[in-house]
Structure formats: structure tokens, C-alpha cells
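Take a look at the structures below.
After this come two complexes, each holding chain A, first together with chain B and then together with chain C.
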Partner chain A sequence: MFDFSPPLIDWMTIAPLIAVALTGLIALMVEVMMPKRTNGGIIGVSLVGLAVAGGLLINNLSMPNSETFSGMALRDHFGTLLQLLLVVTCGLSILFSEGYLREKRIPFGEFYPLLLWSTMGAMIMCMTRNLLMLFLGVEVLSISLYVLAGMSRSEERSEESAMKYFLLGAFASAFLLFGISFVYGATGTLQLASISEAWTSGGISSQALLLFGFGLIMVGLSFKSGFVPFHQWTPDVYQGAPTNVTAFMAVGSKVAAIAAVWRVFEGFQIMSDYWIPIMSWVAILTMSVGNLIALLQKDVKRILGYSSIAHAGYILVAILAHYKNPQAVGFNTVFYYLLSYALMTLGSFAVISLTAHSGREGTMLSDLNGMWKRAPFAAASLIVFMASLVGIPPTSGFVGKFLIFSDALQAGLTPLAMVLAVNSIISVYYYVGIAHATVVAEEKRPGKSGRPTFGLNSTCLLCTVGVFGAAIFYSPLMNFLQGR
Partner chain B sequence: MQGTYLGLLFLIVIAAIVCGAMVTLSWLLGPKKKTPYKEAPYECGVTPVGDARERFPIKFYLVAILFILFDIEVVFLWSWMTAFKKADTNFMVFSFFELLGYMATWVVGYVYALHVGAIDWDETTSLAPEKLGKKHNADEQKENVA
Partner chain C sequence: MQGVPLFAYIALALFMFTVGTVGVIIRRNPIVIFMCVELMLNAVNLTFLAFARYMPAMALQHNAAQRAQSQMAGQMMVIFVMAVAAAEVAVGLGIIMAIYRLRENIDIDELNLLKG
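On to the complex of A and B.
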């Protein structure tokens, strides 16, 4: 006999999460009930479920910060906004997927539930300050993505990418878990909030444990965010996975990993004298390596893979600026840049998915040729995304880079700001290369290219509107971010 | 004290007798046709000599995965039941509904596994052509004709 009092649970905190998970289950049941129909029903269910989750998240935005489930789930402005971004990302990926999957001859109904559950894992990573929950989120996110990366079963490249992602992901998880166990050894809890106390009250031995644990956790998270020197899997996996999966991987997985990095830095803030110099070098390397190797690539998906590495570096600069000078620099820059990165990257991959036709897909630069004639709207929006990735006004990419630049200067990270500026100039070359390829008239294989569906056009439209809108309505957006 | 284990001793003896009888009798009474394949060392039903890179049906793997999943489920249920038996009403009610939610996800997974024929040895699952939609099927036929 023992006394048990039911815990008080704030269900609203995890209601969006439950909505996404249930939507995945319902979508799977729709697939079971109607295996011989097109995926229209599943897409409808998924989009409705995501809309519900989005509504719940917007509702959560106006609620006060709170913790529930013994501190395992957290509701705060930062986490809720990032979850909203993830839900939008998932919705946009679903919108353009069906046409591509049919062209690739792989329209498995299971794609949609898996994508939803992957989103759920990413959302868990945004809404917790508990290391074990963080790990669970990473796993839920990744395991679905391993499966999705290998979804094109008859294609060797897709299988290779799933295998590589799985092996390196398992490796990263092991590092993460090992680091968590060291932190647990030093603090006795899994809460990130207890670290600063353990650091000040503990002796030299527990400080050493914390530093070592922090290092291992950061190795694990660097794999997930694609920081150099743990970036090598990125281009291979991005190239091999089906393009719509790559789109979600490049955005959803990165947003979640950046959120996790943010939370871990927050927990280890008291040791920032040790890690800010190291992470600054990581940021410099990430920006430079990503951009320099991208110059040599001929495959569009690989170029965007390296570009996503470079952008992870830019975001890391923004994060470091905050932790260098928390009073002056808030999280707005990080969120704004993630939003802009999400829109332009997702849009670019959506347009590139048009190169698939009758089960075949070519993603070399030359495969984009003639797109201007076949799909003028998609080609035009691809050019907008490239302009935004370069950082040309009036796009959100420009505003985002400008914000990071000024934050870095304000926080006294002048060298990082300089490297960022130089890298932006380097990146012009390959982004212009992609934009140029779309307007070249001669097609390599005439007629062998998919036609844009309604879903793809709407994804392009929404992303384009977002890229311009975030730049033009900058100050209302910032007021919204600050909760005013 | 010793009496409690007496039944176990009987069980061991009976098992030894029954098993020994089965093996001995089938060896004495059964027909003996020797083939090279039968003479070979036993290796779980697989030819013991040959290329090591043999391909196995993926079904073995699926069954193993499903077994592990449902095995883990039972582990959780077992520990819950152990606590449930001696708990107060509050815990019983609260944890019962929690477990209902937990089991619901398992049932969905089970129904899905049955549906795709994951444990059906003869079935192979492939994409239903209807999934591609009307337009693409028409495309395919046109290309095949051409």
C-alpha cells in the first residue's frame, strides 16, 4: 500500500504535441482502412491535425510560462514559437510532397504519419529543459527520418543515405547519452536548471565531470545541427534521400537541434567562459567550410546541403552573441533567422523536387535547365529563395543576416561578424549558379520533367510571401516575437 | 520445504523420459534413407557450406522486430500490474486511464502490422497502383505502348 495523489498536469502545455501524435495515428488508420486509394484523405487529415496543433500553439503563446510533468515539459515563449515554426514546416512539406512522391513512384501512405511523428520529436526537443526528454525527442525525430531517408527502396542512393544517417545518428545519440550520464553524475538530476548550482557548490572533480559531459553533449548535438567538424554526413544524406524528406530534414531537424543547443547553452551558461571561445571557432569553421566546399559542387541537393551547414554556422553566431551578452541580445534574431531559413530552404527543395519524372530524378545543376519555360512560377520563386539565401534586400535572408551581424558586433564578437560578412560574399557564387541554371533555355532531356502540382505551387507561393513578408513587416513581427 | 520442490523433480524426470523415448523410438522405428544433405552437420536448416553472403527473406527481420516491440510492451505491463495489485484507488484509476492511452497506440501498431502482412509469411507488400492516381497510371500506359 502506498499513498498516491494524482499529479496536477497542465494539459494545455502538451496539447499541441498530443494533437500531432494523434493526427499521425489517425493518418495511419486511414491508410489501413483505404490502402487502395490515393493519399488525398491522409493529406487532408494531416493538414487538419496540424492546423489544430497550430491553433493550440497560438493559444499557448498568450499563456504564462509554466512547467509540468515534474519539470519535464515546459511552456515558454521561445519553445512555443519554435514549435509553431515546426508545425508550419511540416505542413508545407506535406503540401508539396504528393506530386513528387507520385513522380518518384513511391507514394507510400506511411510517409505522412512518419513525417508527423518526426515533427513531434522535434517539438519535444523545443519544449523541455530535461536532458532525458531532450534525448527522447532526438530519437523520435531521428528514427522516423532514418526510415523516410530510405523510402525510395529501389534506389541505391536512398538506401545508402538511410544507412549513413542511421549509423552516424546512432553514433551521435551515443555521444549525447554518454554526456548526459556524466552531467547526471555531477549533478544528480537530469534537469538543466540544476547545473549552475552543481558548478558553484561542487569541487574540482564535479566541475571536470560537467565540462566533459558538456563536451560530449555538444558533440552529439553538433552532429544533429551539422556543425563542423561533425558535418560530413549532411551532403551525402541530403543528396540521397527523397527531396521532400531532405526538405524536412534540412529544416525541421535543424530547428529542433538549434533549440536543443540553445537550451543546453542556457543550462551551462555559468561555464560560458570555457565554451564561448571553443564554440566561436566551431562557428567560424562551420561558416567557412560549408561555403567553400559548396563552391565545388555540381549537384543542387549537395549545394543546398553545404549551404545548410553554412547557415547553421550563421545561427550559431547569433546564439553565441546572446550568451556573450544576454542583456543586450535576445532570442529574436535566432528565431527570425530560423524562420527565414525555414521558408527559403523548404521552398528551394520544393522547386528542386520538380526534376523528378516517371520514377527518375536528376538533381544536377543542368537538370534545372529549362525550368523557366516549364514551370515559370516555380522558377521565379526559386530565384527569390536564392536571393534570400544570398541576403539581397528586400528579402528576409537579408534582414536575418543583418540582425546577426549587428548582434555579433553588439556582443563584442567582431571577428565572427567579419567571417560572416566574408562568407556571405563567397556564397553569392553558388546561389547565383543555381538561379542561372533555371533560366538557361536548353533542356538536357526535353519533356522529362515533372509538372508543378497545385500543392507545390501553393508551397512556393506561401514561402515566397513569407520571405518577402517577414522582411517588409519586420517591426510588427518583432513586436509579436517579444509578446507585445 | 523439500516437499515443495518434489513436483519439480518429477517434472524433470518425466521430461527426460518423454524426450528420451521420442528420440530413441524414432531412431529405432523410423525409416533410414541417407542422403548427402541429411548427413551434413545441422545448421538451423540452412546449408552449412556455401557463400557466406546469402540473402535471407526480410520477413525474419520483421518478425524479430515485432517480437522485440511487443516483448517490451509486456515488460511495461508486467511492472505496472505488480504495482497495481497493491496500490490505492487513486493510483488504480489514474494509471488505468494512462495505460489505456498507452495500449491504444500499441493496438494501432498491431492493426497496422497485420494489415501490411508483416507477419504473413507468403504475402509480399508492394505499392497499390491506385496510389499513383489516374493521371500517372495513364502516363505509364502511354509510355509502355510507346
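On to the complex of A and C.
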């Protein structure tokens, strides 16, 4: 009488996710079992778990696209590549964290499990077209990051940034959810794929519901990805949070938010006549405001915060180019730019974390003075990252910007391409300022800074190699992205 | 269908959401701000439940099973929203506690170290 057959589940799709979550749990167990003196065991476990997850993802890359769990988990090329990027980001952040946490006198082992779970949330956002899963991914990512941002409990700046991040994050989630509820009202499901059917077959009322819902969802996601006019929290939170957390926040949560924006645009593609003009203005504002305010800043972490806003604007141009002309422009540009953004931003924050010394940390430009003498390798790699952020060949930042520029022209978004070019020129000023403070400027009094650890040097080395490698091996990489 | 129309629920939800948004913007105490966010989340829950009950997207559901599945999706979403809100409260109050320990004052106008 009770006829129920369990649905077939493709476990390989979510295996990387499970690997990361389990690694977090095991790392927490290791923290409980081991004496407090060293976090080496936790780091080892975390890196091994991330390597397993990475292996599973590479295996997934060669498998066909599919959906499982009634359309809640999705395996496609774009999502899998972004998940791989997130796993790499998490690994690189873990590598340089230990030395920084020791210098800052906050050597809590809980950092590593929380970072892993945050990565898991970001991965969920990349692998779903279901609005419930999207919401859960956002929350898993954000709740872990709220805790991490306030990890330096005795420091008022850190607590203040955690509070700001928390209040604005919860506020943004409410907008996202309200939008989802209206989309649900119009379609009767939580699947993004059902929107186009509801738009064509529904009447004027369901079209109104969809437009309203889309607007609210985009407000929520703009908060998360730092698009103007919802960007104000970004520099404050980036400045106050511990630098290794900032590094992950700037890269991991931005990659995940961009993935979510991509998926939502994909679902709402049928209405693109309505939103492409509005989002183009958002892109113009995001690029210009980010770069112009960055010119006035004196704090390195704030500068990089505004620079991350500007880069979000560049990526939005690439996304819009795809949805303006989906046949001609693929996802390669977005992925390539995210990859190069991840490497150069993570590397820059890793080098800046060297200013922490005996529980104190200065992040003003003048605190970088003399870095050249104290940590020559790290300082040299910072120059490379700055060159890449500006977009000087032969770095991946140049190739990425060039790709976005040509995509925008190809899709007929010439004004956006022009604004991008102008903004790249404006941004030279503040990036050169950072490089100048590191190498040229004399220190007024002999400064102190942390000793670069092996982990930090390897993060810098890997990021530098990546920044050059992605540019030099551009065509094999592109072939790989297209699945050839 | 008899009783309160769908429009009334949506209007109430919109009103609650607006009150919550205005509250977040004008209030200065983080606990009150957080209560306003909770009000916004309750507006969301009300919207989901009203849509699940009245199903304005009836044209897309071709049979009773599909309709039941649709209703379930909205009601499940409400459960998840409540669970996530509870987790957020735990973390948020923890952060507020940490700030209170540092400075014995949680007014957000006094949180002005980060600017520029």
C-alpha cells in the first residue's frame, strides 16, 4: 500500500562538498584531541582533505552534466571549475594563516574548520539552480565568516567589523529571501529553470511578481558581491577583520556571489531586456566609485577593499556581455578573470599580513615601508600582484582585462568597455602607491614586522607562478576550459 | 475560496517588511536592529505560506500531485528560514556580547573606528 522507491542519487556530484564538510569535522576533532601547542595537525588534515576534494572535482570535470536530488544539486563545467577555484583559495589561505595568527596572538584552531565550512557554503552556491540551496549556501558561507571576522576578540576593530558584517549580511539575506518568495509565488517552484515558462504562460500579475522578485534578489546578491550602491560595508569589514580572513572573504565570498549572480541571470534570461540596461548602470557605477574612492585611501586593506569593488564591476561587465550575446560570448572570460583576481588578491593580502608583529598590526601604507629589506621575496611578489591588478603584461590581470574588453565590444556594450578602460588607467595611481610604499619609500623609524614563514612564502610563490602561468599558458588553459 | 484574500496577506507582508527595513536604517541599538531583521524574515515567511496556500501559479501545475509538491516547497522553505534565523541569532548575540565585554556599550554610532 505504501509504494515508495528511493530516487537514484548521483553521489559523485556532491562528493567534493561532503569531503570538505567532513574535513572540517575531522579538523575540529584533531583540535580537541591534540595539545594546544601547535596547529600543525589541523593544517595537515585540512590540506589533505582539500586535496581529496580537489581530486574529486577534477574527476567530476570529465563527467557529463547532470542534476540530482530533484534538481537541487547540479554538475556542470562552470560550477565545477569555480568549486575547484574555491578549494584552491581555501588551501592557499590556510597555508599562510598560521604564521599570521601566531604573530597576532590569536592562534585558535577553530579558524581552520570554520574556513572549511565557509568554503563549503561557497561551493553550494556554485553548484545549484535551486533557490532554497542558493539561500542555504549564502548562509553557510556568511555565518562562518561572521564568526571569523570577529575572531580577534580583544581588538575593537575586529569586533566592529564582525558586527557590521553581521547586521548588513542578515539585512541582505532578508532581501534575497523576500525576492525568492515572490518568484515562488509566480512559478510555484523554487527552481530557477521554471521562470521562463512562468513568464511566457503567466499573465501580467505573475510577470509583475517575477520582476519585483528579481529586483529584490539582485539587491540581496549585490550586497554579497559588493556592487554599488550596496558596497559600503566592504572596505569597513575588510579593514577590521584579521587579514587572513579578509583574504578569504575578498576571494571566496566574491567568487561564490558572482556564481550566484550568474545562475540567477541565467534563470531570468527571458527578461533580459528589462535588466541589462539597469545592471549596465550598476556596472558603470561599481567600476567608477570603487576606483575613485580608492584614490583617497591611506589604509592598504581599505584600498584593496575598494579595488575588489572595482574588480566586481569588471566581472559584471563580462557577465553582462555573455547575457547580451550568449551565442558569441561564453563563460571563459568570467572564469579566467575570477581565477586571476583570486590569485592576485589572495597573494596581496598574504604579503600585507606580514605587518602583524607581536599582537600588533598596522595596515597603513607607511607600515609597508622597509618591507623590501625585511622580506625581499614577499615584497617582490607584491609588486607582481600590483602589476597584475593594474593589468600590465605579461600578467594574467592584463589578459583578463583584455578578454573582458573584447567581449564587451563583441556583445555591443561599447560604453561599458570604454568605462572599463578609463578605470584601468585611474587604478594605476593607487596600485603604484602600494608598490612605492613597499619598495621605494624609506622607513622613518626602523619598523618591525613578522618573519615570513615557509607557508607564507609558498602562498606567495604559488600565486606568483599562477599569475604568470595563467597568462603564458593562456591557450592550453582556454582549451581546457572549453572541455577539449 | 472563502475568507481572507491573498492580497491581504501580501499587503501585510509588504507592510511588515517595510517596517523592518525602516527600523534597520533608523535604529541605533544592534539588538533592536536585529529584531527588525527578524521582522523582515517573518514577512518573508508569511509571503511563502500565503503563496503556498493560494498558489497563484495554478496554470503551471497540471495535476494534483504537482500542486501538492509546489505547496510543500514553500512550506519547507519556511522551516529552513526559521532554522537559519536561529543560527544567525546565536552568532549575532555572541558578537554583541563580545563587543559589550570590550567597551560596555553597544550603540552603533560609537562604532566608528573603521572609516575613511
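Methods note: the second predicted complex is superposed on the first by the 477 of 484 C-alpha atoms of A that agree within 3 Å, B and C clash if a C-alpha of one lies under 4 Å from a C-alpha of the other, contacts with A are read in each partner's own complex, and residues count from 1 in each chain.
Here is the rule we go by: a contact is a pair of C-beta atoms (placed from the backbone, for glycine too) under 8 Å apart; a residue touches a chain by one contact, two chains touch by 3 or more.
Note that the structure is a prediction, hence the values are computed from the model and not measured.
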| item | value |
| --- | --- |
| Which of chain B and chain C A:76 touches, first, second, both or neither | neither |
| Which superposed partner A:164 touches (first chain B, second chain C, both, neither) | second |
| Superposition-derived comparison: chain B or chain C, residues of chain A touched | C |
| Which superposed partner A:10 touches (first chain B, second chain C, both, neither) | neither |
| First, second, both or neither for A:109, with chain B first and chain C second | first |
| Parts of chain A lying in touch with chain B, wherever the complex brings them together | 1-6, 25, 28-29, 31-32, 35-39, 102-103, 105-109, 358 |
| Partner chain A, residues of chain B touching it in the complex | 86-88, 90-91, 93-94, 105, 108, 111-112, 115, 127-128, 130-133, 136, 139-140, 143 |
| Of chain A, residues touching chain C in the complex | 132, 135-136, 139, 143, 146-147, 150, 153-154, 156-157, 159-164, 166-167, 170-171, 173-174, 177-178, 180-182, 184-190, 194, 197-198, 201-202, 205-206, 209, 235-237, 239-240, 296-299, 302 |
| Touching residues on chain C, where the partner in the complex is chain A | 17, 20, 24, 30, 33-34, 37, 40-41, 43-44, 47-48, 51, 55-61, 67, 70, 73-74, 76-77, 80-81, 84, 87-88, 91-92, 94-96, 98-99, 102-103, 108, 111, 113-116 |
